[in-house]
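Below, chain A partners chain B and then partners chain C, in two separate complexes.
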Partner chain A sequence: MITFIQGVLLTLLAAITIAIVRQRNLFGVVILAGIYSFLIASVMMVLDAVDVAMTEASVGAGISTVVLLAALHLTGSREYPPAHAALLPLFVSAVTAGALIWGTAELPKFGVSHAPIHQNTAPKYIEDAAQHKMPPNMVTGVLADYRGYDTLGETTVIFTGGIGVMLIMRGRRRKSKGSDAKSKSRERSA
Partner chain B sequence: MKLDLILRVGTKLILPFLLIFAFYVHFHGDYGPGGGFQAGVIIAASFILYAIIFGLDAAKRVAPQAIVERLVPLGVLIYASAGLPAMIFGEGRYLDYGVYGHEFTHAHEWGILLVESGVITTVASTMLAIFYAFADRGTR
Partner chain C sequence: MFIVATVAVLIALVLAVSRAILGPSVFDRVLAGNSVGTLAILLLAVLGFLTGRPEWLDIALTYCLLNIIGTLAVLKYFRYGDLAYDDEKEQP
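This part shows the complex of A and B:
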């Protein structure tokens, strides 16, 4: 049953990706990207990663859709067809995709418990969490306690990103005010 | 504007539940899925919903831009300073939550909650500040 649900979800994901590539109306692209995020969130639900699903649904489908729509309001919602055939980008994409798919052949099978990622620190966290009577949600325990330094770094990354966006989007206003003052002073001198 | 009625009433109905759900996700992060990050995004989303339906100015009266932008670094400060008591009163290990209580589970729950409060502050205010920055450009 799980395999069937996953098959349906992944097929829909592929269909939506093709629709996004073919769509020229950027408003449609943003909405399709929101649907894509909801589908990925559903896939995460099926994989029992509820925390990730929640984040994907709220950030991917919620906030980023709104921010992209706000950006479309500034830029206009039509994508112009390319002036010439994009053969070189197509070649680069095809080679990169080929290399990535070739790389996955060496990876351990999906969901196998003896994969290296499940052998390194994860067993220690699980044992310690039970031994120390940590809060029941182990994800929170790992994020905020065992990996407290990493999460401090992530919070700083969000802070830095926000400051960067604010500087880019609001910096122009101060400049235009400055140019206003300049033009006024020019008017005065003239 | 007549068509807005359903959206306006619907939004007013949804908003309190959205905010309560956000704080549920935050404070219940130790036991259920979620935590500071998800809760922060849900809070920001509820403010953005308010701004979309009732206008940017109404949202800025509820959450003034200047305050929102000051909350962005404050969250990082809360998180970073949550580790200091361990260095001063504890065994000198930064972000060691043992100092927040006598019993292990209790102390660590407090530590996680404190740290997540920093995360929720930064995430919610950053998302809202980014939305304000984009929306401001559109209205000028």
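This part shows the complex of A and C:
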């Protein structure tokens, strides 16, 4: 049953991708890209990766749609046909896709327990978590303690990104509205 | 029973996606995109029951909220042609 659902969803994904490439109206492209995100999120869900699916749905279908629509206001919604045939990009894409598919042939089968990723450190984490006085939740122990530096790095990246977005938004508003609107917004916040 | 529901949702998904691809107008695509979002939520809920994990319903609720944000952005773009449009600014 799961294989059947997966097959239907992946077929729809391929159809949507071809439609995105052939579509000349950029507004339609944004809508189709949102549909693509919802479908790929469903595929992730069927594969049991609910957290990845959640991220894909919020970033791909939610925020990307909003940001792309805001960009459409600046660019206009018509894409002009290319002046020449895109043979070289097609060739590069085909070669890259071939290399990637060739690379997956060596990978272990999906979900098998004797894959290399389950052999090295994971059993050690599970055995030693109690001895090392880790937090009672093993996942928390791995994320916050065994891989503490990794998590710290990720958090720093997200923090920096957030600060960057806040700085850009603040500077933009001050320039476009002027001092009158600024005092008005100050009243509203007070 | 859940299998029948899943198949029905998948058929509806195929119909909605084909409408989004065929067009012909942008409004068809917007409606089809909205239905695909709703059907993805339904598929998530049914899949949870199919695999014996009804806890997925919480995630389905979060998806509903995301769907509303996207639809609101699209509608505001239709109405004003600009997402940063300020209603108070136009009044004298």
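The rule we apply is simple: the second predicted complex is superposed on the first by the 132 of 190 C-alpha atoms of A that agree within 3 Å, B and C clash if a C-alpha of one lies under 4 Å from a C-alpha of the other, contacts with A are read in each partner's own complex, and residues count from 1 in each chain.
The criterion applied here is as follows: a residue touches a chain if its C-beta (ideal position, glycine included) is under 8 Å from a C-beta of that chain, and two chains touch if they have at least 3 such contacts.
Please read these numbers as outputs of a predicted model, since none were measured by experiment.
Contacts of A:G62 after superposition: both chain B and chain C are touched.
Residue contacts after overlaying the shared chain place A:V8 against chain C, while chain B stays out of touching range. Applying the stated contact rule after C-alpha superposition, one finds that A:A19 touches chain C and leaves chain B untouched. In the superposition on chain A, contact of A:L152 is made with chain B only, not with chain C. In the superposition on chain A, A:F38 makes contact with chain C only, while chain B stays out of contact range.
In the superposition on chain A, A:H73 makes contact with both chain B and chain C.
Contacts of A:G28 after superposition: chain C is touched, whereas chain B is not reached. Among chain B and chain C, the chain that touches a larger number of residues in chain A is B. On chain A, the surface patch touched by chain B in one complex and by chain C in the other comprises residues 50, 54, 58, 62, 66, 70, 73.
Across the complex, chain B is touched by residues 50-51, 54-55, 58-59, 62-63, 66-67, 70-71, 73-74, 132-137, 139-141, 143-145, 148-149, 151-152, 155-156, 158-159, 161-163, 165-166, 169-170, 172-173 of chain A. Interface residues of chain C facing chain A in the complex, by the touch rule stated above, are 3, 6, 10, 13-14, 17-18, 20-21, 23, 26, 29-30, 32-33, 36-37, 40, 43-44, 47, 50, 56, 59, 62-63, 66-67, 69-70, 73-74, 77, 81-84. The touching residues of chain A, counted against chain C in their complex, run 1, 5, 8-9, 12, 15-16, 19, 25, 27-28, 31-32, 34-35, 38-39, 41-42, 45-46, 50, 53-54, 57-58, 61-62, 65-66, 69-70, 72-73.
Residues 25, 29-38, 41-42, 44-45, 48, 52, 69, 72-73, 75-76, 79-80, 83, 95, 97, 104-105, 108-109, 111-112, 115-116, 118-119, 122-123, 125-127, 129-131, 133-138, 140 of chain B are the ones that touch chain A when the two sit in their complex.
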